[in-house]
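Encoded as structure tokens, the structure appears first; notes follow it.
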Amino acid sequence: MTAPTAILQVICPDRPALVSELSGWVAANGGNIRHADHHTDAGAGLFLSRIEWQLEGFGLPREAIAPAVSALAERLGGEGQVHFSDATPRVAIFVSKQHHCLVDLLWRTRSGELPMAVPLVISNHPDLEPVARDFGATYVHLPVSATTKAEVEQEQLRLLAEHNIELVVLAKYMQVLSPGFLERYCGSGSHQVINIHHSFLPAFKGAQPYHRAWERGVKLIGATAHYVTEELDGGPIIEQATVHVSHRDEVDDLIRKGRDCERLALARALRLHLRRQVMVYRGRTAVFD
Amino acid sequence: MTAPTAILQVICPDRPALVSELSGWVAANGGNIRHADHHTDAGAGLFLSRIEWQLEGFGLPREAIAPAVSALAERLGGEGQVHFSDATPRVAIFVSKQHHCLVDLLWRTRSGELPMAVPLVISNHPDLEPVARDFGATYVHLPVSATTKAEVEQEQLRLLAEHNIELVVLAKYMQVLSPGFLERYCGSGSHQVINIHHSFLPAFKGAQPYHRAWERGVKLIGATAHYVTEELDGGPIIEQATVHVSHRDEVDDLIRKGRDCERLALARALRLHLRRQVMVYRGRTAVFD
Amino acid sequence: MTAPTAILQVICPDRPALVSELSGWVAANGGNIRHADHHTDAGAGLFLSRIEWQLEGFGLPREAIAPAVSALAERLGGEGQVHFSDATPRVAIFVSKQHHCLVDLLWRTRSGELPMAVPLVISNHPDLEPVARDFGATYVHLPVSATTKAEVEQEQLRLLAEHNIELVVLAKYMQVLSPGFLERYCGSGSHQVINIHHSFLPAFKGAQPYHRAWERGVKLIGATAHYVTEELDGGPIIEQATVHVSHRDEVDDLIRKGRDCERLALARALRLHLRRQVMVYRGRTAVFD
Amino acid sequence: MTAPTAILQVICPDRPALVSELSGWVAANGGNIRHADHHTDAGAGLFLSRIEWQLEGFGLPREAIAPAVSALAERLGGEGQVHFSDATPRVAIFVSKQHHCLVDLLWRTRSGELPMAVPLVISNHPDLEPVARDFGATYVHLPVSATTKAEVEQEQLRLLAEHNIELVVLAKYMQVLSPGFLERYCGSGSHQVINIHHSFLPAFKGAQPYHRAWERGVKLIGATAHYVTEELDGGPIIEQATVHVSHRDEVDDLIRKGRDCERLALARALRLHLRRQVMVYRGRTAVFD
């Protein structure tokens, strides 16, 4: 329906004329820019740019764009990448027993709100298999224990490779991925695992955030969607949401109210990521929305 | 403290290479872009651009920039204007008896949050004179009645001219300005009067919105900051805010809660306007924040 | 899991000692109150009370409670009703083609968040039949046209009676129910139809609210869950929600963002209704949450 | 304008018939209840009640009400207190250099939104003296250093006693009060010091929360109004607020946006406290609004 576009993301040291240089390159090849966003982090001396333009009528064939952008970014002393809006990234969703995020993501995918495909759902519990099946995804049940974790992660990695997965979404997976898994899967510096944490980070890192929020007597609870890094609940934040609670709310009410925060924050973060509106640098994100 | 910048705003028919052309012009003159935002209204076939760059080291003297931008915009078949971040627009605030917006704006001005000067406060009541005086503004009390309105507006226009006022803010003025006033003051198409309306427009246009909101039994109330046009409460919206209410809230509580919405929405809208982050076209705004 | 409770709702003319009289009646029968909320509408001279107490150990058998409460309310010159927390109201959901509210309600029902049963889904389109079937609901496809509307409504009424339905939820049904239907279904003064309207009422009543919101250039959009009355989009409001939009949002984006508002507002309103936390009087609601 | 009321607050072990007993006592003395709110903390086995009734026509003289409520609470094995709505608590505000909370509180007091008197403002800096003077408050400048802190606190305590202060509000005071001060001022268990902390507690306890929020790259910032206890930023929370931030916001922008959160959260918390809508138990609050 919508005409396909190319999206470049460039990070490089800040200096004058960068906007002109990048947009000039698009124009020189006959591209019609639909969105152009930039950010300068003055403290870090960095320039970030995201430019989206229509592919129709563009002077370079698709396969020549990425190399050209890389060369351009290299000339600027930085790094660049290109995505195409009509690509459909293959995404694996990791879950435990809770269905609300999984169901939400699958329905948003079906309705076209999330431009992705979900061929694979992995869980340490069997419960959500019917949901995955309804949406045509392979469901793999891999129970995890302290002793089997390393082995299970090997199998997870194998499945990700087999299904040609680009991005992993931890939709209330409730298990910590090992540094080894992350290194093997994400490689150096790339961000290919998104988690939803059920608190307003950095408050209540770790386990049972709703119980601890209740203990503390907070008046708002929240959820945080972030890229996963080796530091637990410490990765770059993409999106956060909060909702009011009162003294009348028991822990179960916090969990219930939190579910809506969780699925909204995760869905928004995922949409931003899939539309290539997120750029990560120095442990933080620039979100061009 | 912050290095001064120039800000251009251009609206023109959409076509390829506009971002490149505008940013290229800045770069060709040695300008270092700090913010560049664009918007394409596909339905209207219009392109809007706001580019902000550092004046230091720019190749053109200040007085030459506006003519150059106008010439550039003309070549593109559109219109352009330039502002400088270190200018301090002279603003008149119109009030009736309620102090909350006036006090808020004056304090935000003093603390540097609103880059403006307020030499003049005009009211149809004498009550707020001490507030204006505390902040060094001339306070002119001009009672308004149906028979004197035309005459009073003449005097208001005279005062605006005398104090060299660029922008009028209706901070709960509770009087409707005549089309004649607006035409004389704003000229053709420019937007130099901002109003705060105490409802979530277009709900509850006109008088006594809180009373009508209570009657209707709404669960949220709101406030709307907008440019004033000849159509009552129908001008381009800059900012809106809402707050929850309950059955326990009487009309007086709605008014009290609404005051916080009003001053927040007005202060945000005014800051956006003063930093030249708002562009108006076809009865609506693009807000580049 | 939770011990069952009785919930009384009484509306009567305001006078001293009403709280004491009602809570005294509960105590005299050995009831342990878990929640007691009251509201006085001073302008209307009305007192509203909702008291919830544990059934265990209560001195009256279940079938004797409703008559006793009615007698009590009558002595106070008002009206009363009783509900039991372990009842499971039978609810019919009316839909058109959009799935987001239906899916949301069915999942929340399955997870226990909405204490209801959904034996029946009625639609003027065939699209959502698989969804209803997955959740064990009978799906009846009844196309509606101007000429068949009266006949279709007769069939709808017959189905509601056949399935012993207590409450109808219009989950984006996109059809206006006739006064005749409402009178036949809701009887005099009772409120048994809940609708989700896709705007912040009273703004944008009627058709295509998102298109009109875009035209007006609002900066927030909203959704309103309300009881249906004969006045279109004019019934008592239960819950409202809003979300920010920007100039970058096309009509389709407003529709997409609005869906989250819609399903949240509807789910909250429905939960409040089902837990008997809503009382309706004089065209408005008191919501005891 | 509003008829004066009495407000009782009782905390006692939970058992049946407490609502009836308390409201029955009010009714037996001819009181007309305007608000009655209760809360049962099942885990703690505690019952909390707040009942507000009109003084006009009440059978006991004012001076007899507090003893009667104490006796009643004692019979229930708990504690009770009484306040009168037409009392005007004397409040001291502690500030450093930042004006936004002080100005906000003084204006809200003047307009009647906060039912209190502010005879005393204490600061470790001289800057805000003119503000206090404009509102008729005594301003005492007491510089604080590590070596003089104990001595300064003695003087602060003396001033609080001299001005007959009931409540201290730390409106961005930026100094930690010693346990000795708190013990001397608040006595055992009572809560007479309210602080506004510029983060969403428990995130970013302690110094420079906005700088640390920026470092972490959060997408929301917040403010927390809480009672002060010996545990730094660990006292019972009354109110919290959050606001969205983006990658474009520098630390200064976080501080600016945070100011609106701070003053709103503090003003709401203070109003709730002054209207005796807050009850504290076990390190947390029940807020009856």
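A few points about this structure:
A, B, C and D label the chains in the order they appear, each numbered from 1.
Methods note: contacts are C-beta pairs under 8 Å (C-beta built on N, C-alpha and C of every residue); 3 or more make two chains touch, one makes a residue touch a chain.
Computed from a predicted structure; not experimentally measured.
Taking C-D and A-D together, the chain pair joined by more C-beta contacts is A-D. Most remote chain with respect to chain B, judged by CA-atom centres, is C.
In the Cα superposition of chain B onto chain C, the rotation angle, rounded to steps of 5, is 180 degrees. Centre-to-centre separation between chain A and chain D, using Cα means, comes to 41 Å.
Averaged C-alpha coordinates give centres for chain C and chain D that are 37 Å from one another.
Those residues of chain A in touch with two or more other chains are numbered 248. Put simply, chain D touches chain C in their complex at residues 15-21, 23-24, 26-28, 30-38, 40. Chain D makes touch with chain A in their complex at residues 39, 42, 200-204, 216-220, 222, 236-242, 246-248, 250, 283-287. If you check the complex, the residues on chain B that touch chain D are 99-100, 103, 107, 111, 113, 134, 248, 256, 260, 264, 289.
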